[in-house]
Amino acid sequence: MNLASLNINIYSLLPLLMVVGLALFVLVLDFFIPRGGKRALGYVSALGLVCILPFVPMFIETVPSYAGFVIADTYSAFFNVVFLVSSAFAIFISIDYLRRLGSESGEYYYIMLFATAGMMIMASANDLIGLYVGLELMSMSFYILVALRPGKGAEGALKYFVLGAMSSGILLYGISFAYGFSGTTNVNEMAAIVYRLPDNNTYLYLALALIGAGFAFKIAAFPFHVWSPDAYEGAPTPVTALLSVGSKAAAFAVFLRVFAVALPAFHGQWSDMLWVISAATMIFGSVVAIPQKNIIRMLAYSSIAHAGVILMGIVVNSSAGASAVLYYSLVYAFMNVGAFTVAALASRGDGGEQLTDLRGLASRRPWLAFFMALFMVSLAGIPPTAGFMAKFFVLASAVHAGYYWLAVIAVISTAIALFFYARVIFYMYMRDYEGAELPERSLFTCVTYGVVLILTAVGTLALGVYPSAILDIAVRAVGPLFTI
Amino acid sequence: MPDVTTLIEVLLIVIKVVVIAMILFSLPMPLTWLERKVAGHIQVRLGPWRVGPHGILQAVADAIKLMLKEDITPDKADKFLFRLAPLLALVPAFAVFVTIPFGESISIPFIERDVTLYIADMNVGILYILAIAGLGIYGVILGGWASNSKYSLLGALRSSAQMISYEIAISFAAIGVVMIANSLSLVDIVGAQSGSILNWNILYLPVGPVWFAIFLIASLAEINRIPFDLPEDEGTLGAGFHTEYSGMRFSLFMLAEYVAMVTVSILCVLLFFGGWNAPFDMPLPIPPIPAIFWFIGKVSAFIYFFMWLRFTLPRYRYDQLMTLGWKVLIPISLVNILVTGYMRI
Amino acid sequence: MLISYLAVLIIIGFVSLLGIGALVASYVMQPRNPYREKLAPWECGMEPIGEANRGKFRIHFFIIAILFIVFDVETLFLFPWAAILNDKSLSLFVFVEMIIFVAVLALGLVYAWVKGALDWI
Amino acid sequence: MEQLFFYIFSIVAIVSAILVVSVRNPVHSALYLIICFLQVAAMFVLLRSPFLAAVQVFIYVGAVMVLFLFAVMVLDLGKERLKDSMHSQSILGGALAIVLFFIAFYLVYNGDIVAPLGAYTETALMKNTEVIGAALYTKYIYPFEVVSLILLVALVGAITLVMRHKDN
Amino acid sequence: MPTITHYLALSLILFTIGLAGVLIRRNIIIVLMSLELIFNSVNISLAAFSYFLQSINGVVFVIFSITVAAAEVAIGLALLVTVYRTRRAVNVDELNEMKG
């Protein structure tokens, strides 16, 4: 092997290396910080991520590096921004959340950073092996993070672990067939080779089905969603926020990369499969979310429904659909992190984030209720919020590509979903609160949460009102995917 | 149908396997006698004396006694695993000999073939030995667990924790040697040390002696020899994981331990002391000593050394043992790998 | 080349036969008169108390096993590395590569050390 | 000849795998799993990859299963059955697995290698360790370094989880 | 000579047994063992493809897969230990017993 042909290019990995370096720095710093002062690590992590953020768009290399394992194109840069933003938010709200739970630890922060690094590896993975190790880095970090909530965390984590590891096994099995079919694990090489191969090879069918099922597990699509409500409920709420936003976005990033770049030749074969999964997921998520009493579980099912909608963008396999996926991921990061932030703040801290806790929130904490209402409106997909625009772009791409029935199903599921989002608003504004008063927050708590809430709210509104700027970036970002 | 050459090769392998296994199977008899003799002399007493001249038949008497002793299976034991465990300890101890070379090759006059003095030269040689030797732990764990006795279980846990802790250090020492020889095959490793004593890995300064020290300490702990025989610490643990074993099953465990001691001696010689290579070229008037005698001589010296250690050193405490493994040997190994790598690039 | 691995099967088979043979021979020759006390687990001559396999042992053994698994994997990667280190066109490159790998895992060891996972008491 | 060995190893592997999932005692399960892993190692030898076989024995049998047995012994899971509410529809799951098996078996049976073959013939594979090393540390440098992070996370995470209760 | 189909069939059978074990068994430690079975079956498939495609990618992939699986086992069993201990710790009588 000639070393020059490896194309060792440190710049293409720089944002990732910064995140890993930050994680290792926090790990070392943890040795020197006494037990009481662990929150300092949280500030270091969050601010570090914010500082890394501007570097992401600066290092874009269109040529794959590291023997074709890494591609730092605009597409991965877009997702890296999503990951960095959502983990910075998640870490920021963790600081106070962990203090209330009484389980502050340094490990929490740097494992979260490692999870972020795993997502970034996935987004820039140009080889199935790189994809797999990135996915495992992220998943393993999440197994631990979910278990870090005292009490019920470990059980949720164990369930998540068993199903997550099983899905990794299924994905790996699929990858092995993709390798057996094409003789390579590199995405570009696979794309170049598969056009010349017969499309009725049965290894290909197995590869498509198993890889599809593996990814469907990771995005919690029906019927592979069973882990998500338990894991979401068991996890510390900021971890849930990152799990529902970051890990899903990362899974979509690789989903799109593998299916749209490596296997576009077989769009006919995989689009039917994903069509069914997408439709079933949208309906299932919306319907099952309705009877939920726990706000986290409700958001978990809502997240399943959203995954179904995002999946539509992959089914259509066009530049418009893919850019809608990117746009949706960013929007979802803002609105969902915001919703989980309110949920974390409104709960009494003993772990029971019941919907009833929100009763009368409008009279007690008018701003909090306002933010929550905004996020609910956005999640429901009502203009002028970003949630509406995101859904609109996905639907438009589906209609444009001729997937009318899928679009109809999406609209129906959105209508169903309206019910439970509206219920949250109803509880906050129309019901009176009974029971113990929420504990007073320190000014500092208010500031940290306030910053996150204001930023997410501004993001939700801005992306809804001026979608074109970001959408243009998204369209340019998916350019590399559809030019090969 | 396989052709004739293949059949002859298989036949040769079978013969070698039978010879090596039979030698190893009977080796503990002279070794126990020797060990007790050495103990006697170190402690200024006679040692075995009554059965045969200088007690030389003592080992035979012991073997007969063990043969005739009742094999007790405790009624609370997991019978299946309890009976299986001695075999699980025994088989890996013997199986490592597949790739251990005793010399290069000798020509046998009758069949006019060169016969190698090893069963097989594997490409993964040393890794195979470490992997298979690591399986010996199952005899310990399953034997201890199946006995369903508190002493056995605690002994098994201690013993296996000790074994796995030091297995890392052994692997690192083996890696050090592989870095010097650039091959995992033991024949190649010995070949790289040929020439003179200066080529032996023990004299690959400055790292060679450090690797040897790490290997020696770690393998002493791995085979539960003094000063690391804590699992058999009578004072606190009865007889360790084989508390409940008696008779023939007990002897199989002991057999495995003796074979492991021989293996470690052989590995010390192969990895660090030039294998069958002579330390220097003999001056012409004296005929050269055959390689195999050099090998046997070196191995015997190591076996004697281990016995000598046993009756000289006190026993470690368990926490000290773990500290030594994780806080001393492994950090030193990591640094040593960097130094060796720097020397080799 | 596969023939050298056949040897592994042969030696396993032969040694198992030897072991089983020894056990059978001893089984034929030995006396057998079991009674309750003889079949009870050994507990310094006292009546056994409770079930042994229900005992609670220190979680520390488990932590040692976790450390072992991680460092075992590390040594696995060092073997092929050590074997190709003499390739002069690559050696500096792979050496630096391995330094990074080992350093990251050494950090893990330091972590275990600092957190007291290596302290037996 | 090779075919014969393949069938022997396969049958032992399948039987022991079935025993793994069907016996009650986890320690027995672990023993059968060890046997199954050894058969997989034998498969790797048949596939001309002795290095993988050694790794399989070294890591899976020598380390992973030890950890399993330690967990069983430390937690005293030998007799007790730790219930988990997740598996309520086990018959459904089993039926699903069987149906999927037959579909997949049909697909596997009808498949064949269609991709162009590479350069690693049997003679090239003879020096298995060197061939793997040469690929692993050049072409696969990126996943290799990522794996170090995975191991670090596993180490840190596992120790954190296990030691957390010690503090309280 | 066994063909690729032989190896893939073996791999598929082991995979199915592992999958069934994960879905059917209630004992969580056996579920974890079944997961290992799944990963092993995949490794057979990768190594078989690697051999019959005459490429080295699959074999290297197996090394990564084994590594990742080992790390995963460490986490899985650590989670199991945590769950087990929290359940135990809930029971006050046994807490006292542990101190004694």
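So that you can tell them apart, the chains are marked A, B, C, D and E in the order they are listed, and the count of residues begins at 1 in each.
One rule holds for everything that comes next: a residue touches a chain if its C-beta (ideal position, glycine included) is under 8 Å from a C-beta of that chain, and two chains touch if they have at least 3 such contacts.
A quick note: this is a predicted structure, and the numbers were derived from the prediction, not measured.
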item: Chains touching both subunit A and subunit B; value: C, D
item: B-C or A-E, whichever has more C-beta pairs in contact; value: B-C
item: Most distant chain from subunit E by Cα centroid; value: B
item: Centroid spacing, where centroids are CA-atom means, of subunit D and subunit E in whole angstrom; value: 6
item: Chain centre separation in whole Å, for subunit E relative to subunit B (CA means); value: 32
item: Whole-Å separation of chain centres (CA-atom averages), subunit C against subunit E; value: 19
item: Separation of subunit B from subunit D, taking each centre as the mean of its C-alpha atoms, in whole Å; value: 29
item: Overlap residues in subunit C, where contacts from two or more other chains coincide; value: 5, 53, 55-57, 59, 61-62, 65-70, 72-73, 76-77, 79, 83-84, 90, 93, 98, 104, 107, 111-112
item: Junction residues of subunit D - those touching two or more other chains; value: 2, 46, 48, 50-51, 53, 55, 58-59, 62-64, 66-67, 70-74, 78, 84, 104, 108, 111-113, 115, 117-118, 126, 129, 132, 134-136, 138-141, 143, 147, 149-162
item: For subunit E, residues that touch 2 or more chains besides their own; value: 4, 18-19, 28, 31-32, 49, 53, 55, 60, 63-64, 67-68, 70-75, 77-82, 85-86
item: Set of all touching chain pairs, with the criterion as stated earlier; value: A-C, A-D, A-E, B-C, B-D, C-D, C-E, D-E
item: Of subunit A, residues touching subunit C in the complex; value: 1, 3, 24, 27-28, 31
item: Complex interface listing, subunit E residues touching subunit A; value: 4, 15, 18-19, 22, 28, 31-32, 35, 38-39, 41-42, 45-46, 49, 53, 55, 57-58, 60-61, 64-65, 68, 71-72, 75-76, 79-80, 82-83, 86
item: Subunit C - residues contacting subunit A, complex; value: 89-90, 93, 104, 107, 110-111, 114
item: Complex interface listing, subunit E residues touching subunit D; value: 1-2, 4-10, 12-14, 16-21, 23-34, 36-37, 40, 43-44, 47-56, 59-60, 62-64, 66-75, 77-82, 84-86, 89
item: List of subunit C residues in touch with subunit D within their complex; value: 1-2, 5, 53-59, 61-63, 65-70, 72-74, 76-77, 79-81, 83-84, 87, 90, 93-94, 97-98, 100-101, 104-105, 107-108, 111-112, 115-117
